[in-house]
Each structure stands twice: as structure tokens, then as C-alpha cells.
Amino acid sequence: MSPSDLRLDTERTARIGMPEAVLCQFKSVEQCVSAVQGLLAGSDDVVIATRIDATQRQELMALRPEHHDASTMVWRSRDPSGQVAAVVSAGTSDADVASEAALTLAALGHTVIRTADVGVAGVHRLTAALPEFETANAIIAVAGMEGALPTVLAGLVGQPIIAVPTSVGYGSAFEGVTPLLTMMASCAPGIAVVGIDNGYGAACAVHRIFQTRS
Amino acid sequence: MSPSDLRLDTERTARIGMPEAVLCQFKSVEQCVSAVQGLLAGSDDVVIATRIDATQRQELMALRPEHHDASTMVWRSRDPSGQVAAVVSAGTSDADVASEAALTLAALGHTVIRTADVGVAGVHRLTAALPEFETANAIIAVAGMEGALPTVLAGLVGQPIIAVPTSVGYGSAFEGVTPLLTMMASCAPGIAVVGIDNGYGAACAVHRIFQTRS
Amino acid sequence: MSPSDLRLDTERTARIGMPEAVLCQFKSVEQCVSAVQGLLAGSDDVVIATRIDATQRQELMALRPEHHDASTMVWRSRDPSGQVAAVVSAGTSDADVASEAALTLAALGHTVIRTADVGVAGVHRLTAALPEFETANAIIAVAGMEGALPTVLAGLVGQPIIAVPTSVGYGSAFEGVTPLLTMMASCAPGIAVVGIDNGYGAACAVHRIFQTRS
Amino acid sequence: MSPSDLRLDTERTARIGMPEAVLCQFKSVEQCVSAVQGLLAGSDDVVIATRIDATQRQELMALRPEHHDASTMVWRSRDPSGQVAAVVSAGTSDADVASEAALTLAALGHTVIRTADVGVAGVHRLTAALPEFETANAIIAVAGMEGALPTVLAGLVGQPIIAVPTSVGYGSAFEGVTPLLTMMASCAPGIAVVGIDNGYGAACAVHRIFQTRS
Amino acid sequence: MSPSDLRLDTERTARIGMPEAVLCQFKSVEQCVSAVQGLLAGSDDVVIATRIDATQRQELMALRPEHHDASTMVWRSRDPSGQVAAVVSAGTSDADVASEAALTLAALGHTVIRTADVGVAGVHRLTAALPEFETANAIIAVAGMEGALPTVLAGLVGQPIIAVPTSVGYGSAFEGVTPLLTMMASCAPGIAVVGIDNGYGAACAVHRIFQTRS
Amino acid sequence: MSPSDLRLDTERTARIGMPEAVLCQFKSVEQCVSAVQGLLAGSDDVVIATRIDATQRQELMALRPEHHDASTMVWRSRDPSGQVAAVVSAGTSDADVASEAALTLAALGHTVIRTADVGVAGVHRLTAALPEFETANAIIAVAGMEGALPTVLAGLVGQPIIAVPTSVGYGSAFEGVTPLLTMMASCAPGIAVVGIDNGYGAACAVHRIFQTRS
Amino acid sequence: MSPSDLRLDTERTARIGMPEAVLCQFKSVEQCVSAVQGLLAGSDDVVIATRIDATQRQELMALRPEHHDASTMVWRSRDPSGQVAAVVSAGTSDADVASEAALTLAALGHTVIRTADVGVAGVHRLTAALPEFETANAIIAVAGMEGALPTVLAGLVGQPIIAVPTSVGYGSAFEGVTPLLTMMASCAPGIAVVGIDNGYGAACAVHRIFQTRS
Amino acid sequence: MSPSDLRLDTERTARIGMPEAVLCQFKSVEQCVSAVQGLLAGSDDVVIATRIDATQRQELMALRPEHHDASTMVWRSRDPSGQVAAVVSAGTSDADVASEAALTLAALGHTVIRTADVGVAGVHRLTAALPEFETANAIIAVAGMEGALPTVLAGLVGQPIIAVPTSVGYGSAFEGVTPLLTMMASCAPGIAVVGIDNGYGAACAVHRIFQTRS
């Protein structure tokens, strides 16, 4: 099957308000480039590529993304929505996943507040940082290891909380399974969880909230 | 420790907009009754009890809940919020979990649309039922077995989707682990998941969205 | 033990209508070459090698396969059977597994229809593509991530469906465990599943159907 | 939700050639009776109920099933298809699951050969029994414990083999997980597997083969 | 084997400072009574029985324990050690496990402070309760569901913390596996964990600390 | 987010008596160096870096650690506490984890006795080595494979025992899961366990004991 | 299928030297009685029934077993073999599994030494008991919880050791999974393991050794 | 810790009849060389090193092993014992594990019969090969994928069977977990199992049988 056979879902924005993204992991460089080009040509909407590795990155940079970090790229941006999302993360090492979420949200037109290093082993850091993001309309909480951040946060604020477990941590974190379970079993009410390391999915969950709002 | 020692979190509503609920599973009848009475006395807000078994039910009915089904009871209701939530479920057997979510939402003042039996083995049932709940501001999707309902739904509509895996199904559903994994790994963007059978948690996740909205 | 000690099952075709295949993963280059040569010499039937890595590939190409892709090679082809199989896959990244199935089926004499990119996050893509493969006598459905494709498909068509979970997807797909469980627990009737990434096994399951048919 | 709200899929036969079945496990007696009555009233096709427990059984017998065993009931039968299926099981304790498969196949019009107690700890029992079912057009192989029966069988015959893991066995069988894994990882080509204890699903998989055959 | 064959480890106190306890779960009533009587006769030390069910309880009460709750009994008490331990628990339902720990500690001569209902969904409850147990020389932290209590606690105080996961919680707590993993993977330094529901083991871990102290 | 954004918890020593450590795994070289420099500048206390890989090591050595081994470095040392800890390990391959524990303890001012190669397959080695560490006030027991060392040790001595499972061993050790489970389920009383390979955590658990002691 | 359809493997003794046993778990009372009667009538060899529950027990006692305990029965005994096996168990609660092994061995003609309560939390009990069974030609070691007994034993003696994990123990023993893993991953050489609670299987493994010996 | 600190168990042969082996995996080259030299110097017995990687191999060859294959080396051999062991393996890819077992057995003085490629997908290959190894006093059965070989074998012969699961196979073999479970749950009596890929352990289990035999 040649890359030209790609069956892109260019009508996705019309249907659900979010474009198809390109998950680069498990794709060849050619498949990634072809998919991005196809989406750029097939619509006027934002194009988002995630999980880009070093090799793919070199080729994709030639397509001139508007914003990018180590493993995420976006082309075009939507007009400002007036909505504000916070991306709060527990440890330094959760930065990549948090950044994937933040770039996706920004491309979709939302303002992003980034608050890092508020792990609950020093719960005062979290309470001290609350004013930074108390104006946010929704919060993405990113944590690896024991994943307790969203639980403590959900007892302090009333906004929607989308929790993202990350695969960071010593052996007993089991590549994200431990924080995933922690977040699913939380004693605090109303935490909703996305898949391990799925910053993009968390941003989409928040976008669904924002686009239904007005 | 006598039941009078309960340290109830009666300030929770002030902090996060939702009251502490009474999870009756694993509690004695006395502990359940005492907790409900304590919350009724300690605030003017809604009181919610979940996972009530047959024995607990008899005693708790004496406290005259305003609404109840087999395993959930609520006392008092908040004023109508003007917000509408849909609770969509895949199979007949998912009804208990869906009902826990619906009663909780209603007690918190939201209008609830219930759509049942739209499992994806007959995807036309789902597409035919879409108009029933297209006015909802958020959707709770309840499914056991293979748990594919939220994935298909998320490709059709743009509202927030909170997915609830249930412990219903043949052996290979592994008491909810299979639909939980399915929902976490979904190829459709923006599905957020709560714990197995956690209808109450899904309702709280939606309530967070609604109370942040205005 | 030297490679010449291989105890090849050259009578397998007489017994079950399918030749022994060479699973190259976990074998040395010498063992692969020796096994293929042994099977070519020991019978007149099709020879199939799967899971070929880059190093093995170079040596095996010298044996001049009749058809091949990145990780599968076949030598010789059976006469056309008049049977038609569809290989339907959900995402771009499932292509390798789908191709292993398609090459095996073709070598065994069957006509193959390939339909890609019909993941259920855009269920209209699947319903739109149905006419492409409605003439098939059996369908192989390949999907990673949440693995919901076979469930939706099984509610739409009445043909035999062999589902193949793939190891593609973010962390919560757990290298194929999630789609495997999804497929085993499906609410749609009559889905039969083969092992993770086992495109060859799916092709054999279809071949069993076809050779018993007349 | 009252039982009258059931959204039965009475068009399923027209779409995929198999009627919706009633999975009684996890349903109340009233829900079971109501579902069976609804399906009897809504079409002329076969009605199948599975996983019936002792309490449900008493009420359902009042609806006069045409055939039944301890946990499965069928109403009406289709005309003979001329197709023959074998249901082969390894141990005495696999009988319930095998019977669920056999009753379903018979209701759908197919002839069923039942061969029991051919576990591979005495492989001569299996080879001796082969003539009993060598005329079958498809084979369902039911096994618990280590689940090796389908693997040995698949090396002996060329027909389609649908394997069903059962939850029978000592602790290390882990309620069906062990035979499920065994069957998925089999070294014999072309075994397709359904969920643990899913005799009904295996029958449907065979029915898909038979109805596509002509 | 008759109960008189029991090989009791009556020298255990001399060796490690703790007597052998009688784990009643999985033992017959006769085995329990015989073991307690044997230990009472074989030494002058404390005798502890845990995991007592309702039937065993009736017979064991006839042996006149000095202290007991629903599932733990102790005979005799050691002289006061002057050491103070806190037993802090997250939810009402963790009371049984916390009580097993508290009774064991008291029997071994230590003063026990019990603080309940300080789950981290209302982190202010925990910080408000800190003065209650700040004089303790060691802390046992008992929690089910997401198990985050020890993590937050370990960021606030410097004493030894022995964490006990309990099997309390909705489906996603997986009978204690989730809080066990959370506690093992904690981002807070120096949390040591005992087995699920093992209140007795936690008390022994604290006793080891206390008896080595002077 | 630039490394200068790090929100270091420099008050941690004041709160819990242990400084924040730098877990280098999953961090870039720049993040590691920046975190160590920040902690060195922000307090006068010990600075500890763990899980250092070869690349990080080169850069971090330029910061002149006071003590180091292959994957752990410490800067500064606290004054001698007068407390003695033993670090006892089962196999040669557990040396790295044991060393992480020993270096951390030494930096915090404690005397460390190292006893290696006392696996329980030759239980006489353990009993013969007991005098080496019988003066210790607490014992860290490090073991991979079947992880039985702490169980046997806990039947011989009365001191606090902190068990550390390691990820060393043949396939059935499952990267530390087997010894972790062994240690949690031990029949010997009072073993407390930290996460897989978490030598640093074990040292902190002992430090909590020592600093509460006087 | 009526019980008279049982396909008993009455030639098994001729083939492998052991008769087919009747695993009563998962069988109806009628199936159990019918199987025992069939085997008694079909050969002159020993008949063994295992996993008998209370209801089955009453009916089976009417068939007058020669030896029996709570859940195992044997009819007839073979002539003395002159071989001696030891059955060594760690805790009181492992007695049932140990007894299943001992009764099976005795029925097959072997002398059995039973040594109980030698758990490794008091390793001196084990070393003190060694003379009891040092004349045995093979040893069955039965242990639940952390399952360390076979590991310590294998470092002390040179005989064949068949280890049996049991499902006894607190939550973290996971119904036998923990001791199973411990025994498989043991650092002591030459331990061979049978399934959880499989005392019968362990006896057969020893019988294979004894019957091959002369 | 310098390599000279190794606490070698040079008395192991006197105690249990087998020398300590050097498991090279997870050890540095220096540790491996030092351990082998220590054992060569410390006794006159056989020295065995397993799991040798390519780098270690180069250095260890300088110590002139008497026999070796890719990952196992032995120095010295014991006098012939007169005992015969068969090492039977299912697939070509199981050769490494089988070879580790065979070299260990040979070094300990036993005669070894190697039979390969008798996987049960062609059960006739196994029955045809039976005469090759029917004189063996014990059989090691090595299999990956579904691991059914020992089950079929145990129904055909009466000798001791030590089963070794290998980590070979497609995704659903889960790196040896599937064959491990299959072997533990086998319906054939008397199979004893060692850890995944543990050829050395299987050889030791057989050696225990042989040395107890006289």
C-alpha cells in the first residue's frame, strides 16, 4: 500500500469540531509527511502531529510548522476562543506530555497557563500555586509515579479536571499503569482520565468542553 | 471507633461545589445511616448515598430520600441549572450504573436525557438515537463488554464525553478491565474516563463542567 | 545443533492443506535461509516466511521470493481458488500486519481486497467503504489501539470475521493487549480472534474456511 | 428505566443473518422474560437466551422453549441448512459451554456432532475419535485448564477451527485466562478464538461461515 | 494431621521480640482455638489472633481475650513502653484494618493515637488533624481507593511512615492493588509499605522500630 | 519551559528532615545539572542525585560530587548521627541498588555496614554473616529473583527491616514484580517494603527512623 | 450429554503408570459418582478423586473409599514400592494441599513422611526438622504467602524438590500467584513447580521419579 | 564494592551436590571473570556460567572453558554417572535454552539425548521421535508459544518431565508467560515446571533426581 492510499478524515472538523491528528509513532517518515501534506491540502483547519521522533522531526520541520516542541508540531492556529485552560504537572519529567497538551490547546485557539513542579510530596507548592491558575475554565493535571496530584487538586477546586498519567517513574510505576489506576480509583469526585502519556487526548477533552460552552 | 467519630467534610460544597457523598459499600448499616444523618444536619445541600445494598436500603429508606433507585438515594435537590446532560448506555445490564449517574445529576439540578440500548453491534441504533440527545451539553457514555460505544460516539458528536466502563459481560470482559482499557486507548479524540462502575464520578465530572460554565 | 538438523514438517500440506511457514523472529539468518531452502526442496508447495528483519531480508532476497513486502516473503503461488477475502484495517500503522495476511492469502491462491483507514472514530468511512468489500467471502479485520473495528463491522455484515489485534498505539494499548481483550469481549456475535500481530494466522483461519467450502 | 423501554434490535437478522440473543447474566428475571417476549413478538426468527441462572430458568420455562439445557434456551428452529458442525470438548466439565454452542447451532438449522472427553493428556483418544467428526464442515474446540486441544487438532485436520477457552480448572488456569492465552499463541496455523466460556459466540462464528458458503 | 501436631514457634519472642500470631483466615475453628491455647500455655507473652470470622469469634471469646474488636483479639498486654504510635486512616471503611494495627500495638505496650477520616480529597482535614498526632514516634497510614494519604503525609512530617493499602473501593481499586502500587511508587521519600489489609504487619514494623530504640 | 523554571522544594529539609533529591532518569542532562546547581545554591544541605546515566554522569562530575558510584552522586555530608544502618544484599547483581541506599545513608550522616552475597540458597552464609551487622539500628535488605532474603532475616533479628526488591533475575522475576510480591506477602512479621530498585527510598525510610529516635 | 457418555481413559496406567483421577471441582455429584464407578469397574488400579466438596463427599463416601480426608478419596492401594517421599509444609493452613499429595502418594504405594509448620520465618524450625525427612528419596514442599520454603530447603538438601504454591495468605498473596512466582524465580537450583494448590500433580511428579528409578 | 568482595558458596557441592553457577546476565565482565576464577580456585568441581552476552563471552573464552555454546560455558566435567536425560524441544528457536540445559547436564556427568522440532502442531513428529529418547531416565521438555509439548508428552510416557517455558513467540506468548501458564495448568499429571528460559534450572532438577537415585 503506497502512502497515497491514505484515507484522510478531512470532514472531521465539520462533524466534531476537531481535525484528525497525525500520530507519528509507528509510522514511517514518508507516511508522516504524506499525512501532514494531505491534511494541509484537504482543509483550512489546524493540522497537528504528535509523537514525532528525531528522524521524523527533521523531515517534518521542512513543512514549516507554526509551533513545535520536541515531539509535537502544529500548522496554522484557530482564532482566539477566549477560553483559558491550565496545564498543571507534578514533576520536571512530565514536561513532554504537558507540552503536547499545551501546544494542541493553543493551536485550537485557547489560552494556556502552564504550572509545573507542583507534586504533592510538597503539598504547599500546590496550594501556593493555586492563584496562578484559578482563572482557568478547565485544568489538565499531568502526573507520573504515584499520580496523586489530580486527587489533591480535585479537593481544592471546582473546575473540570482532566488527568493524564505519564510513564515516568521508578520500576513500581510500571510505565504509567500505577498513576492510571490511582487516577481512576480516586476518592475525590469528578476526575476524568485519558490514556497514559496522552496529552493530545486531554487537550481534545478540554476542547470539547470549550466548544460546547457558548 | 464509634460512628459518632465520623469526620464529615461538610465544607466540601463551599470548596468545590459538590457535597461529600456516602459510599455505602464496605460500610455497616449504622455507619451509612450515621453518615447520611450527619450530612443532612451539617448543611442544607444535597445528600447522596451510592452502592447501597438490600440491608442498608431498608434502614436508609426510613430517612425518606427524595429520589432513589435500587442502589442510589438522594435527599433534597438543587435548583434547576438550565444545563442538560445525556446518559447513554450500551446494554440493558448497564442500567444500574447509568441510573447512579442520572440520579446524581438530577439532584445537582441538571436536566437528564436517558438513552439506553444503543450498543455498537447495531450502529444504526446509535445513529438513529442521536437526535434524542443532540441538545445535551455533555454526554455520559456507559458500556461494559468491549466498551466501544464512547469511541463511535466521539466520532459523531463534539460535546464533552465522559465514559464509564461497567463490570458487565462474559469472562473476557474481566469485570470491567476490558472496557476500561478500550476507553483509555480509544482512537477517537477527547474521551475522558472514570473508574469501573463509577456512575457517581461521571456525574461529578459533568457537574464540574456545568458549574464552571456560566 | 547445526541447522541441517531441522526436522521440517513437509507433509503438513497433505494433512491440513497448509504448508509449514518459517517464523523468522528469534531465528538466526542461517536458520531462516536453511529452513526456506529445505521447504523449497522438500515439496512443490508455496513457501512462506514471516517476521523477517532487515538483516534476514538481505539474505532471503537472494532466494528470489515471488512476492514480498517489508517483513513477509512467499515463494511460488497456488492456482486461483476463486475465493475472495477482504483485509480491512483501521489505521495507517496497521499496514504491516494487514500486508502479512494479504500476501499469505494471495500465495494460497485467493483474491484479496485491501481496504485501509476505516477506523471507527469516523464510522462513516467504514459504512462508505462497505461496497468495496461486500463481495468478499470472508473478512480479516485488523486494528490496534482500542480495537473496536471488528465489533462495528460484525453488526453490519454477515460474513465470517477474523479479527487481528495489533501492537500499535499509545501506552494504554499495552502492545496489543487492549485490542485483544476488546475483540474477545465484543458485544457483536461471531467474531473470532487470532493472536496479537498475527496476520499470518488470520490468513490461515480464512484459508481453512475456503478449502473446506467446496 | 422500566423493562418496557428495551430497544430490541429486531432487524438484526435482516442485516447479519443472526438474531439478537438475550444474555441473561446480569439481568433481572423481569428483564429476561421481557426481552424474550419482545423478540418472540418482534420477529419470526429463532430466539436464543444464554447464561440463564436457576431463578431465571423457572420463569423462562413458562415461555415454553423448544430446546434447552441447564443454562441455554431456544425458541423456534430454522430449516435445516445441510451444514454439519462438530463440537469437540476436552473434559467433562466443559460440557456446559459446549452445550451452549451446540444448542445455538441446532437452532440456526445446522447439524451438530458432539464429541466429548478428548483431552490431549491421552492424545490417542483424540486421534481415535477423529472419524466421528471428519465429515464436519467446521469444528468448535472447547477446552479449559491448559487449553491445548485446538493446537493438536489444528495439526491433524484442515477444517475451520473455532476455539473456546473455558473457566474450568485448578488455580493456575486463572478462570480461563490460561487456555485463552494458549489458544491465541498456538504454534498451529489458523486457530481463531472467541471469549472465555463464549459457546454462543463460537456458534455464531461458525454460522457466519455456513451462511456465506453457498 | 490432628491439631495437636501444631509446631508452635514459642521461642519467637526471645529471638525477634515479637510472638507468633494466629492468622485465623483459612484455619478451622479447632485449629484456631488449639493454636491460641498452645501459645498461652507455651509462654507468658502476649497472644494475638487476627482475621477472625464470626464462627471462630464465638469459640475464641470463650478463651477470654483481654482486648478485641470484630476480627482481632489479644490476650495479656506488655508493660507500657513509653512509645507513641499514630494510626491515621483515610476513609470510614478502612477502620477494620486500622483497628487490627491499633490493637496489636497496644498489646505490645505502646500508646496509640487514632485519627480517622483524613482522606486527601479534603487535604485541609489532614493538615488540621496534624497536631493530633505530631507527638507520635511513628505513623501508620491506612488508605484504600487511590491510596494517596501516605504520599501527602510524607511531605508534611519527618517521622517513620508505614503505609497499609486496603481492599476498600470501587472496581478500579482492584481489591487493594491500586493503593499498593500508589504507595510503592510514591514521589514522597521514605514511605515503607506492608501487604494489602495487613494491619498486623504494620504494627510489627513499628514495634521493630520501637524495640530497637532504647 | 526552560530549565530555569524549575520549582525546587528547598524548604523540604525544614519540613521533613530530608532534602529533595534529583531523580535523573527521564530528565535531560541540562535539567539534571540545573536541578543540582539550584539545590546547591538554594540551601546548605546535602544534595543527592540518583539514576544517573553515562551521559549525565560526565556533566554532573564537573560539579564535583563528594561521593559517587556508577549512578548515584552526593554533594556535602551531614555531621555523624551516631546511628548505624546495615545494607544487606542477596546477589552480586543487587550491588547498584544497595550502593544507592548506602551512599544516601552516608550523606545523611549515618554509619553504613555493607554485607553482600548472603542469598538464602545458602542460608548458612546469612547466619554466618549475622555478627557483621548485629550492631546495626536498622537493616535494609536488598534482593531480586525470588526475594526471600528479608523473610528469613526477619525471623532471625528484631531490628527494623526495610526490604528493596530489585529488577534482577531470569524471566520469571518479571523485572522485580516477583520479589516485590514475595516481600509484601511475607509470613515473617514486620517487613516494610519500598518500590522496585528504590535504594534511595529505603535509605529515606531508615533516615526517618533515625531522626525521630533521639 | 448424560453421564454415561464419559470417555474414561482406562488405559492410562498401561501407558504412563498412573491412572486417570477424578477432579470433582466443576463436576455435578452425578458426574463424580459415575466417573469413580466407571474407573473402579474399568480397571483393577487405584482410583483417586480430588477437590471433593461437602455435597459430593456424602455421595462418594457411599462408594467406600479406602482412605480419605476432607477433599480427597482413594480406592484400593498399590503394593509398597519401597520408596519414601516427604511432604513438607510451611503453615497450618497448607494442610489440605499437603494431604492431597500425601494420600495420592500412599495410594500409589509409597511411604510418606509428613512434616508441617516449618515456615522460614523461623528457619531453625526447618533445620531442626531436617533429620525427620533426610531419608526421603524426594521432597514435596508446600507453601503459601511468600512461598520461600522451597528456596531455603533447596540450599540445604540434594534430593528432588517439587514445590506446590498454595492459595493461602493475606491479600498480597493473590490467591497463590505470589508463591508461584517466588518458586519459579528461585535463586536456589533445581526447584520444579506444579500449579497452585495442585497437591495431586506434585504427587504424580514424584511418582514419575519413583517408577522410573528401578 | 570491589569484585574481590565476592562471597562465593564453594561448599555448595558438599551440601547439595551441585556447585554454585555464575549467572552472567546483570553482571559486569569483571564480575563474571572474577566469579569464574574464584570458583575454579575454590574447588575441584565443575564450574558453570550461563546467560553470557557477546562482550562477556570474549573475556570468558580466555579462561578456556571445556565446553560452550553461544551463552553457556562449563569448565571441567564430572565422571560419567550412567544416567541418561533427554532434552526435547518444540521449535528451532528454543535451541538456546535447550542447549543451556544439555551443557549443564553433560558437565554434571550425565548422557544427553537431544531431540528438536517436535512441536505438537504435527503430533506425528513427536510420536515418531519417541523411540529416540525412550531410554532416557528423565525428560526436559522445552517449548515457547503455546507450550503444549509437555502436556502431550506426559500423556505418552511415564518418566519424570521437567518443563521449561521459553520467551519465544508472537505477541500473545507474552515473553514466556503463556507457555508458563499452560505448563502449570496442564491436564496431564505430574509435569513439574521451572522458570521462563531457565534451562540451567531444569538440568539441576534432573540432576537432583539422578544423584538421589542409587
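Residue numbering begins at 1 within each chain, and the chains themselves are lettered A, B, C, D, E, F, G and H in the order written.
Here is the rule we use: a residue touches a chain if its C-beta (ideal position, glycine included) is under 8 Å from a C-beta of that chain, and two chains touch if they have at least 3 such contacts.
Because the structure is a prediction, the values reported are computed rather than measured.
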Neighbours of chain G that also touch chain E are F
Using mean Cα positions as chain centres, tell me which chain lies farthest from chain C.
-> E
Copy pair chain D, chain G: interface residue numbering same or different (half cut) = different
Where are there more C-beta contacts: B-D or C-D?
-> C-D
Would you kindly tell me how far, in whole Å, the mean C-alpha position of chain E lies from that of chain B?
-> 34
Report, in whole Å, the distance between the mean C-alpha point of chain A and the mean C-alpha point of chain B.
-> 26
Gap in Å, rounded to a whole number, between the CA centres of chain G and chain A = 55
What is the distance, in whole Å, between the centres of chain A and chain E, each centre taken as the mean of its C-alpha atoms?
-> 42
Overlap residues in chain C, where contacts from two or more other chains coincide = 12, 15, 121-122, 154-156, 169-170, 172-173, 180, 184-186, 189, 195-196, 201
Return all touching chain pairs.
-> A-B, A-C, A-E, A-F, B-C, B-D, B-E, C-D, C-H, D-G, D-H, E-F, E-G, F-G, F-H, G-H
Chain B-facing residues of chain C, complex | 90-91, 119-123, 127, 145-148, 151-152, 154-156, 169-170, 172-174, 177-179, 181-189
Residue positions on chain E within touch of chain B in the complex are 92-93, 95, 98-99, 114, 116-118, 121-122, 124-125, 129, 168-173
Which part of chain G faces chain D closely enough to touch in the complex?
-> 1, 5-9, 11-12, 15, 20, 23, 25-27, 31, 35, 51, 167, 175-176, 180, 195-198, 201
Which chain H residues qualify as touching chain G in the complex?
-> 12, 15-18, 21, 137-138, 154-162, 180, 184-186, 189-196, 200-202, 204-205, 207-209, 211-213
